[in-house]
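Per-chain residue numbering starts at 1, and chain names A, B, C and D are given in the order in which the chains are listed.
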Amino acid sequence: NSQRNDTLPKLFQVDEYKALKAKQINKALDEAVPLRHPAILHEAMRYSLIPGGKRFMSTLCIASCELVGGSESVAMSLACAIEMLSTMGTIQDDLPCFDNDDLRRGKPSNHKVFGEATTILACQALHCLAVEQIAMMKTKNVSPDRLLRAIVEMSSAIGSEGLAAGQIMDISSEGKDVSLSELNFIHRHKSEKFVEASLVSGVIIGGGNEEEIERMRNYGKCVGMAYQLWNDIVDVIGSPETKETTGRDMLRGKATYPKLVGIDESKNYAKELLAKAKQELAYFDPAKAAPLDHLVNFMVSFDNVN
Amino acid sequence: NSQRNDTLPKLFQVDEYKALKAKQINKALDEAVPLRHPAILHEAMRYSLIPGGKRFMSTLCIASCELVGGSESVAMSLACAIEMLSTMGTIQDDLPCFDNDDLRRGKPSNHKVFGEATTILACQALHCLAVEQIAMMKTKNVSPDRLLRAIVEMSSAIGSEGLAAGQIMDISSEGKDVSLSELNFIHRHKSEKFVEASLVSGVIIGGGNEEEIERMRNYGKCVGMAYQLWNDIVDVIGSPETKETTGRDMLRGKATYPKLVGIDESKNYAKELLAKAKQELAYFDPAKAAPLDHLVNFMVSFDNVN
Amino acid sequence: VTMAMSTSNKNKSYWTSVHEDIGAHLRQAVVVKEPVEVYEPMRHFVFAAPVNMAPVLCVAACELVGGHREQAIVAAAALHVMHAASFIHENLPLSDRTSLIPKSKPTMYHAFKPNTELLVADAMLPFGLELLASSDNPAGNNSGRILRVMVEMTRAMGSQGVVEGQYNELQCSQCDDDDRKLNGITDVEMTYETYKKKEGRLHACGAACGAILGGGSEKEIELLRRYGFYVGMIQGIVSRRLGPTEEIEELKKLAFKLREVNSFNDENAEVIFSLVDDNITHVLGFNLG
Amino acid sequence: VTMAMSTSNKNKSYWTSVHEDIGAHLRQAVVVKEPVEVYEPMRHFVFAAPVNMAPVLCVAACELVGGHREQAIVAAAALHVMHAASFIHENLPLSDRTSLIPKSKPTMYHAFKPNTELLVADAMLPFGLELLASSDNPAGNNSGRILRVMVEMTRAMGSQGVVEGQYNELQCSQCDDDDRKLNGITDVEMTYETYKKKEGRLHACGAACGAILGGGSEKEIELLRRYGFYVGMIQGIVSRRLGPTEEIEELKKLAFKLREVNSFNDENAEVIFSLVDDNITHVLGFNLG
């Protein structure tokens, strides 16, 4: 399996791919949230959504959909939904009752511009619109039961079996000593499930069969958890690009993997997860799997980090 | 300690004592719940209270109060309160959402006469009156902090740390296999605590010191649990007087000690508890302890049962 | 004196039984499991949120078009769960203002800190959708209808429905009389827009979803949607104690008019239209009295 | 435009802070511990029960007579817990009738079966009393006042107070118009008796308990008891949407008159009497508007 990297088309231009997808997603989002009445409410929805972050999750979703032969146009509604849901999470995270951040990506956070009440309403509106995006997908190629399944997949990832559950546990363990199994619960629910669901729902609407869905789920579990470990590690030793440690988690006294088991152990666990992910991906056609493989590749070499 | 029985005044007439106390308690209760307006509501309160059961708990309370030198008049308000609380329990027990019994002691149960809504209101009224009885005790010999302590003692025995907790657990374990530790929780909360509190609060308002209170608490724990075991056993093998098994618990599929550990084991445990109770009682003046000792004596010889 | 059961009593017991069936479904669908920290707050708010009539309308509409109760009961439960999210939002104490909508009533003490309450609300919408999806039959041949109901519900709860209503309410409470004069908008107009979007949309959605799930025709779905809209409007006016009584009477007339134009079985129609009958709603306590 | 805080805003934030302090005390006093089966339903109902003004009155009265907030906050929490028991009772679905008081609103779905709900109510009164007793200082030299407050509370909740009110309400709902004519009693009279006993007694108790715990004189205690009574009566009328508006105005006048005869510090009195001021209560949402 360690040779597998070599069988991938070397010429795949991951940066171009990411830039292209991000551009297409941004365009789709711009159309998905028009400035309807009431205008300020819709402005609040758009403010944090466009332009947003790196569109990592939604690009993963498009890649997984295309992997099983789905078209980008089929994946785009789902990708928009995923961006709406993940934006909703970051908006709420900045609220005074959570991290109380006045800035996000250099500009005032949503509630600083629109007030907390409007921000919370905008979040619910984004949430509803996200589901509507999936359900109303303008294509005849996806059956209702697949759309329903994709909605359940995403709902489970953000609700009482996912993100919200993880965050509630995170809050209720504040100021307490967190055990490794509790941290696993939090990481799995707060981070891993959303990555997993983004990938799996892509395969579902792309027309993947049960085996493909299952493989992608296993792949998603590994990549999702590795992604959270990567963030935990970067918080301590800095990212490869900036070489600057953010240390935010430490400042907030948050439980992280490095804090509980040390940096080396954390790196090893992440590597293990990524190796397992590669195994799962090996099930698919290498040429079609190239985008996914390259997309998560930035995490592979933890040793490059610092 | 097995000799202790012999040191007790043999001439103590327990039946006369019980009859006398019951008569006095009945008289006090009659005065404690006058037929105020609204008349039917107060009739509902009196209907099940007067005449009620054997006044066992309230007699124990008077005996424990007198044991530490308190007067019967001091104990009487408390005894009335205890009867109100225990009547309240039996009234509710007959309701359709519990045992759905149409009869109690040969006459129609409270809700059959007054309707469920009025019955439930009468229960709350009895509950309030019980506390008022203790708090408004017409005596200058008992300090407010002792009255307060007696109220807390009784409240704890019937509320979320006592009877109600035991009953909720009982309900929620219906149809499930009950473990011995769960049965212990149920028995302790549904039965033991009320006996314990009746005895302890008697000592508190009787002016007992901390050591006396503690001894009586230990005594109460043993006697209370033994009393429940006695009832469990009688349900299977019949009471010494009637020789008739009621078998009600078995009919309802209720978890009991005999069901979980067998009759012999249950008898042995009860005997053990009663022996321990005697030890605790030995701390007090034997002459003054005689009433208590005789009152619980009916349970001593389990072998007489059947 | 024992009397034969009157029509009014029959209608009452119909609505009561629907209400209780939805409650029973919620009881078994929303349980406290481990970790308790997550599921206890969720169960608390599902059962602490006040009832509205959208769920019972959903079931009644389903039965009226010839569907079975079990086809709509899960959707009704989901409607209540989603409404519970709005209830949390409205009562959330925010740091830049006391509650989301200051004029609403602080009807309860807060059981949890604001961050937990907000997260519980976040979990409600997906939970409602999961619940709804679970009512799909194993063959999956009902997916089309369920998907359509999901669109109905997310639209009703979103920026063109309940959220818009809440946003209006918020604006209403923030601007003073001078602002209103400046914008040439009256308090009553503002409020009218609010309950049109909030209660109106939600109840319209409830009735429409029931009709969809019960297999009603498009005409039946739209007729019942309109009826639900009137019911919601009345509830909106009554619950705010605002707006003139004549308006309520007007809405009731409109609602009854729908009965005349409909083609439903008469006895079944009698039941659902009893919801705008004073005697029924007073007893049911749904605040339409 | 930032403006100096008006008196009205000051009063609002006073009541809001009292409300929030009571809530915070309840949050830490009522926790879900093992066995969850017992304590989860209890916590649910403590926080699902609608608020009334008796607890905030208790705290305000204590502060008005010169006491500290912490002397009354536990009693206020206990008052809410006991009121929660009545709330459960009123909504209990009974087998011989739908709910204890049929005309009350089925405001929520039932989270538990009736037997559990009844037992939870049973646990509430003792829990409230235990809570209250826990506020006694270690030296126990406050026992006299606490004991007096216990008598106040159990009397207010008992057969001459809330229970009598609930019993009246029950009678009211059961007898038809003919019965009423026969007994020469009108619906309004019956209802008046009800909220006199229910809301009136409970709020009178709240204010009196606060005054007792704050060390008020007998005159102050009785004056505040009367004030609480008027507040409760108004709440009773408004919450039932029965009784003429003039009656509310009359009660407000009576309440304000108490302010004139009192000897309190003027600024503090201003705050507590603001509870019958429309602007305040509308925002607080305590249904006095």
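As a working rule, a residue touches a chain if its C-beta (ideal position, glycine included) is under 8 Å from a C-beta of that chain, and two chains touch if they have at least 3 such contacts.
Keep in mind it's a predicted model, so treat the numbers as computed, not measured.
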| item | value |
| --- | --- |
| Relative to chain B, chain with the most remote C-alpha centre | A |
| Between chain B and chain C, centroid-to-centroid distance (C-alpha), Å | 49 |
| Centre-to-centre distance between chain B and chain A (centres being mean Cα positions), rounded to whole Å | 62 |
| Chain B-chain D separation of Cα centroids, rounded to whole Å | 33 |
| Contacts with 2+ other chains: residues of chain A | none |
| Chain-level touch network, classified as line, ring, star, complete or other | line |
| Touch relationships between chains, expressed as pairs | A-C, B-D, C-D |
| Of chain B, residues touching chain D in the complex | 36, 38, 41-42, 45, 92, 95-98, 111, 115-118, 120-121, 123-125, 127-129, 131-132, 135-136, 143-145, 147-148, 151-152, 154-156, 158-165, 167-169, 171-172, 185 |
| Residue ranges of chain D touching chain C (in the complex, touch as defined) | 16, 19-20, 22-23, 26-27, 32, 36, 40, 43-44, 46-51, 80, 93, 98, 102-112, 241, 282-287, 289 |
| Residues of chain C defined as touching chain A within the complex | 35, 37-39, 41-42, 85-86, 89, 92, 94-97, 100-101, 113-116, 118-127, 129-130, 133, 136, 140, 143-144, 146-147, 150-151, 154-155, 157-160, 163-164, 166-168, 170-171 |
